[in-house]
Structures are given as structure tokens and as C-alpha cells.
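Per-chain residue numbering starts at 1, and chain names A, B, C and D are given in the order in which the chains are listed.
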Amino acid sequence: MALTREQIAMRVARELQDGFYVNLGIGIPTLVANCVPKGMDVMLQSENGLLGIGPYPTEVQVDADMINAGKATVTAVKGASIVSSSDSFAMIRGGHIDLTVLGAFEVDVLGNIASYMIPGRMVKGMGGAMDLVAGADNIIVTMTHASKHGESKLLNRCTLPLTGVGCIKKVVSDLAYVEIADGKFWLKERAPGVSVDQIVSLTKGELVVPDVVPEMQF
Amino acid sequence: MAGFDKVVSCYEEAMQGLEDGMTVIAGGFGLCGIPENLITEIQRRGTRELTIVSNNCGVDDFGLGLLLKDRQVKKMVSSYVGENRVFEKQMLSGELEVELTPQGTLAEKMRAGGAGIPAFYTATGYGTKVGEGKPVGVFNDRNYILEEAITGDFAIVKAWKGDRYGNLIYRHTAQNFNPMAATAGRITVAEVEEIVEPGELNPAHIHTPGIYVDRMIQGTFEKRIEQRLVREI
Amino acid sequence: MAGFDKVVSCYEEAMQGLEDGMTVIAGGFGLCGIPENLITEIQRRGTRELTIVSNNCGVDDFGLGLLLKDRQVKKMVSSYVGENRVFEKQMLSGELEVELTPQGTLAEKMRAGGAGIPAFYTATGYGTKVGEGKPVGVFNDRNYILEEAITGDFAIVKAWKGDRYGNLIYRHTAQNFNPMAATAGRITVAEVEEIVEPGELNPAHIHTPGIYVDRMIQGTFEKRIEQRLVREI
Amino acid sequence: MALTREQIAMRVARELQDGFYVNLGIGIPTLVANCVPKGMDVMLQSENGLLGIGPYPTEVQVDADMINAGKATVTAVKGASIVSSSDSFAMIRGGHIDLTVLGAFEVDVLGNIASYMIPGRMVKGMGGAMDLVAGADNIIVTMTHASKHGESKLLNRCTLPLTGVGCIKKVVSDLAYVEIADGKFWLKERAPGVSVDQIVSLTKGELVVPDVVPEMQF
């Protein structure tokens, strides 16, 4: 069975460490916040200038001046700090974020990522995604392994406009956990009940398959 | 200190001198911390052919979207415009020129403009459309692109409190792009929720020193929320 | 939030890992806002061949001057060293290498180092000894030189208040170079006058977010004054 | 009679305007603060991060954490702001200071200035002087017109290591007020009782002398 969105988030959460400063993109990455292991503390950064994102506000706490990078109302945790956009991206660009999790349309064996633009579709813009992928050492991409039409999103070369080059080393898809190194994908884990063959058939980029591919446990 | 009193009495005076074809840098992120009334004043004036530098472009009926609706904008420099449908129409028809700029690069370009740094290298955008045609520099075996500073004829920002000398304090995440925008305008106009007397703001808490602010006005704000998410309890 | 508690119990632990030949960036301007006790700890450790990046080099018997006296410094990167006589002696004898750097450029090089900007253009120093051998860029018909970022193995800073997560607030002009230094160290160590609990500092008043601080310790400070000028009444 | 240090400061102060943000160097420039015309307000910037320098403190106000760029104890005026060194030099480098006054060893007809280093003498460093001369549009140099040995300090080319190139347009010396334009010095005013001949003889760089050179009034 392919992983649910929540399971993808749970798998990503295993890469967290106590004391990590983490930037979570919109979508599945946001769900990682709910999966932080007990007894472990992480601090979430929002690129609009909040270090220490708290839960959504109660009705009475709602404050138009307190939003996250998804433009949603939010609160701050104890010990949070609020800075300008340039100071916020100094944290990101300077490599001070311990883990960045974001979605993508495509990744390839060179660690390239395409995540912000599909020619012919509504123009939205890259927001902070290009800064995040260029600034972080430790990035996890979450995505479905293939499109609804069965087209692989793990390629030898991205076909869409790139968000960044050579910056992705880890992908958690709904089918597998894959690492990227030496110009290849390396299959590390498979979703429960998903066969290696299934993963291979949906991975268009060169994939190295070890003799044993452990099944994720949830 | 009469010479330092930045307070003007009306919005018309606040935006005096704005002319067709000028560049305006605006603070704000989404609809948070945007200079609502200064934008409305630009709409009222009907100034055209503007280049607007702002992380976002408002929504169709609020914020900078109003200027798009009235076709006052020639070019937008933004990182994300996904909340604005008018935008796409005008872009596809060729009416509107768009320079998509990564968010952190945009913030840094404004800061650089205010700080007299004409250009800086960043890894952001290297190897992407953003990097096309830009000089590449190699430092410690990594590739970077050269990004140039942005300055504007006007900068418009929104703060929480300002003293008469133009010292500004922003509230919570309504800070965002405002401090950098404030430094990068030839004429910087601030609208604030509350004007206080000099000395009332702690010198260590001031986000934007008055040296950057040419005009200041007190306004009332709608503060529209884009994504109102709440939790129970 | 155990993982975010940056407090260490002794100065020895605070500077653990400092080795001969490393680069240390120090906050402070003159003797104002210098990490007095962290400097003393470096002296105690006897670490040698250090490259020290700091606007000034203390005085002969206080601050970074102590490290010069003990011949622990191989190279200084500073803008002004006029208060330190030991300095000149070692420089003239060839013991000490010196990279004089304009004050604003030095501040910006530290900021750039912390912010992932590998290099930036500035007009400062163009056509002077400082610009010799550096690439020149022309923007808007003006000449600029390319300056590279500075990062350090360690950064040592002094703050007024810090919460356990390493969020720092500086007092008055003791802020100076400390915020930039704090961003530019692979390991950043802060000493503070007072440690408070997370939540006690207003998030909008924090000068250095805890993300930049790896270790924090509470100290007592002499705070020597270089030029004590007073007025009557 | 050559101007006193105080008179040089008084002459410089005539270039002030109400609402000016001003950076004053150490020495004679500092004296300008005492010469601000009545009813006019200027705000003094200190490059270590204080915008709004006040008077020296009383004995009880002395605070080691409150100093100026000369490392002397100082106070802040109402409406002051305190920033980091990088933010302080952003004001300077970004051209936001309305007037900068600083001393020099030499200036030349190209607007070059040498002010920080005399080869063979104690090494001190440029401090913020290179940033100030590169960042300001409006700079006044204060200096004695000639050395004690009668050697002109207004030259065709500076002989000492430069602080900045092509940045100086105004010089107030103890003998004259001189402007720099088109590769020449232009004599604008002379100190009371100082003859044009005396100024000409002590100006080594090309000097344009108009028919009438007004005498400064104090």
C-alpha cells in the first residue's frame, strides 16, 4: 500500500533530532509538525520571519499580524523570535536551518528539483523555495512517486523549470525512501506492502536496488 | 526638533511627487503588514506605468491588487503572486511585465539597495531561470549568481508605532519586508497605527530608525486575513 | 525543550574544541560589549596561531590585548588598532599578520558570512590599499570592489540578557559587532549578564535569535571604560 | 589670522540644515556639535551604532555600555535609536547621512583624501573613515591648510595612502574654504585677515582664484 500523507510525514519525522530548527513547506511537509516524537523538541521556522511557530490560534487569539509563510493565522511558542524577511532568509541562506522539508513536482539523479512552475499553468512564483533549497544542507523532498497517470517523478533529468540544482539528497515518496548520491537514486526503504518491482517500474531515473530493501514500520 | 518631524496631515501629501513610470517598493507579506491606505492613495491618484516591488501582489480586491485592477502597473517584481487572478490575465495578455524573484533574494536586494551594496552573490537561483544571463562567481567550489540591488523612487511601509521622528516599530510578523523596503526608497513613506512622541520608544526596540523615513501618517487599517485557521479550545 | 537549552556550566566547556590555528570572530567595539571572560578563557587555554577577527584588539592589559601579550595570535583582522602598543611591536617584528579592513566592510563581511552571501560589492576602499588585488565591478557608472564574507570556527559574543534557548538582547551600544559575529561562527558562544527563562524576552526585541547560538554562559564583567568623559551638573 | 579650531567648526556649521543627520569625525569635526545654530536641529550619528548622540554623561549617568565612535562615554537624545554595526554602516554606505565632517592629512584636486596612515608611523587603521568617505555625498574635510613646516596639504595628488578617491568636494581649512570640482581647487572664502597670496602660496594643488574672495565673518 502506498503511504498516506500522514505516513509520509511520519517517515520524515524520523529524520528529526532533538534541538533541530526546521522549515516545513506547505502541504505534506506541514503535517510533519504533528509527528514530532514524544520527548523531542524541534523549533519551526516560517520564512516570513517567525522562528518558533506555535499552534493555530484559538478564535480569541486570532491576530492578522501573526501569520505563517502560508499566510495562515498562527501563534508563537515560548522562546520564539520574530525578525525581518532579510534576517529570516539570512538564517536560511546561511545554512542555519537543520532540516528543510518541501514538496516537488520532480527530482532527478543529480539532486535537481523542480517544484514551482509548470509551463502553461497559472503563474505563482517560487516564493522562498529557491532560497530554501540553495541554503539547506539537509533537505527532504516529499512527493508522490508518480503522477496520477503513472508517470515517474524521479527522473534522470527534470523536465520542468528547476528550483535548484544538485541540492536534494533525500526523497520520501508514497512508495519509498530514496537517497541521491553519485548521480543515482539509491533505494533505501519501501512502503509496507509495496514491492521493489513496483518502485523500480515507477522510477524513471537510474535506481540502485540493494539485495535487501527494508520495509518501513509504522 | 522641528526638522525631524516627519508627520504629514493627509494621504495626498504623503504620496506627493509620485509620478507615472516610477518605481514603488512596498512592504508586507501577503496581506500582512501592507500599507493599505498608501496603496489606496496610489489608486486614487491614478498614477500609471508603475513598477511595483513587493513580495506579493495582494488579492483581486485588496492591497496591490487594486492597482492591477485599475491597470496602473507596468511591471511587478515579486516572489509569489498565486493569490491574484487579475495578475495572470494581465501577464498572459502581455500588459503586465513580471520579474519573479526568489523571496530571500528579493529581501536581500532591497536591503542591499538601502545599504549601498550594488550587488551580491547568492546560490539561490543558480542553474534556474532566475540565474539566466546573470554573472556566475565561484567561491569555495560552489557556484553563485550575482544579484543587483533594488532601489525605488518611493518606498511605502506600514508600521505599528512610529514616533514623530519617523522611528518605527513593527508588530509581530507584520514586520516582514517593511524594514528593508523602508531603507530602499528615495522617498520613504510610513503609515502607522499610532504616532507617539520621541522618547516613548526604547532606542533598542526600534526596527527602522527615522533616518530612513521621510513622511509619516497615522491611519486606520482593515488588516484582512487571507487564511483564517483556528483551533478548538 | 531540552534540545534547545544552550546553557553550559563553565567557561572551559564554553570554549571546548578550540584548537591551534582556528579563526575566532569576536564581538565588541573598543572595550564595549566584548566577551571579556571568553577571551580570558582563550588566554587560559593557551591556544596558539589564532586568527582573530574583531574591530579592535583591546588594550595592552585587557580584552584581546591579553592574547597578543601571550603571543597566541597569528593574524588580526581589524579596522582600528590604535589603542594597543603591543600590537605594533609584534607587527613590525613580523610576528603578527594584520589585515586592516574598513569598519563597515568588516561588519558586512561578518553579516555576509552568517547570511550565506559569499561576496558583495562595496565602494568602500576602491582605489585604496584595501582594494588592491580585489575584483572591480562597475554599477551605475561607479566603481566598486568585491569583498568576500568572513566565517569563523568560533564566534564569541557578549550580550546583556539571554534566555536558555540562546535568544540574546544586547544593551545600548554594547550591541555593535555582536549580532553579526554571532551569525558567523561555526560554533557560537555567548556570555551574558543574566540568563532568563524562554518567554521572558519579547520576541520582537530579540537581537540574536537562538538559532545562531550554540553555547551560553552567565558571567560577571569588569566593563572597562576607555574614555571616561563626563559633564558637570 | 588663521582660524582657530572653534572657528573652523563654526564655519562648517554653516553648512548644516535643519533636520540633517550628521556624522562628525574625531577632533575638530566633533566641535561642530557645539556650533549648531539656535533653532536648528541636527541628529548626530556615531558609527558604532548610535543615531542621536547626546551630551557627555554626568558622573552618575556614566555607563560603559553607552559610548561613541571615539570610545568615549556618551548619552542618547530623545528619539535616538541604537543599531548594530552593520545596520549603522548601512546608513553610511547607503548614503543616508546628510553631512559627514572629517579630518585629513591631505586632499587633492581630484577629490582624493588621505587620512588614515602615514608610512613609518604607528599603525592605527582606517576605522570607519573609508566607509564614510565612500558612502557620503556631502563631505566636509577640516584640516590645517599646511603642515607645521609650511608644506601644503592641498595637493595635485595625495602622497600618502588614500582613504578614498574622488569623494571630497569641500574643505574648510584654517585659512580658507575651498571647493573641489573639475580637477581643481576653487577658492571660495578666506579666513579673516588672511590674504589671497598667503593661501595661494600654501596651496600646492591647482587653485582657481576668483576676482573677489569674500572674507569669512564670525
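In the analysis below, a contact is a pair of C-beta atoms (placed from the backbone, for glycine too) under 8 Å apart; a residue touches a chain by one contact, two chains touch by 3 or more.
The structure presented is a predicted model; accordingly, all values stated were derived computationally and were not measured.
Asks: Through how few touching steps can chain A be joined to chain D?
Replies: Minimal hop count between chain A and chain D: 2.
Asks: Smallest number of touch links from chain A to reach chain C?
Replies: Step count on the best path from chain A to chain C: 1.
Asks: From the centre of chain A, which chain's CA centre is farthest?
Replies: Chain D.
Asks: More contacting C-beta pairs: A-B or B-D?
Replies: A-B
Asks: I'd like the Å distance between the centres of chain B and chain D, where a centre is the mean of that chain's Cα atoms.
Replies: 35
Asks: Distance between chain B and chain C based on Cα centroids, please, to the nearest Å.
Replies: 32
Asks: Just give me the whole-number Å value for how far the CA centre of chain C lies from that of chain D.
Replies: Chain C and chain D have C-alpha centres separated by 29 Å.
Asks: Considering chain B alone, which of its residues make contact with at least two other chains?
Replies: As it turns out, chain B has residues touching two or more other chains at 108, 111, 115-117, 122-123, 171-172, 175, 203-204, 207.
Asks: Among the residues of chain A, which are close enough to touch at least two other chains?
Replies: Correct list: 76, 82-83, 89, 92-93, 135.
Asks: Between the chains shown, work out who touches whom and classify the graph as line, ring, star, complete or other.
Replies: Per interface graph, the chains form some other shape.
Asks: Throw together a list of every chain pair that touches.
Replies: A-B, A-C, B-C, B-D, C-D
Asks: Across the complex, what residues on chain B touch chain C?
Replies: It comes out as residues 108, 112, 115-123, 137, 139-140, 142, 144, 148, 169-172, 175, 203-205, 207.
Asks: Help me check something: in the complex, which residues belonging to chain B touch chain D?
Replies: Contacts found on chain B: 1-4, 111, 113-117, 163-165, 167, 183, 198-199, 203-204, 206, 209-212.
Asks: Quick one: which bits of chain D touch chain B in the complex? Just the residue numbers, please.
Replies: 17-21, 40-43, 45, 51-52, 76, 78-83, 87, 89-97, 135
Asks: Can you tell me which positions in chain B touch chain A when the two form their complex?
Replies: 29-33, 55, 78-83, 87-88, 91, 98, 100, 102-108, 110-111, 122-130, 160, 171-180, 207, 223-233
Asks: How about chain D: which of its residues touch chain C in the complex?
Replies: Residues 46-50, 55-59, 61-68, 70-74, 76, 82-86, 88-89, 92-93, 112, 117, 122-131, 134-135, 161-166.
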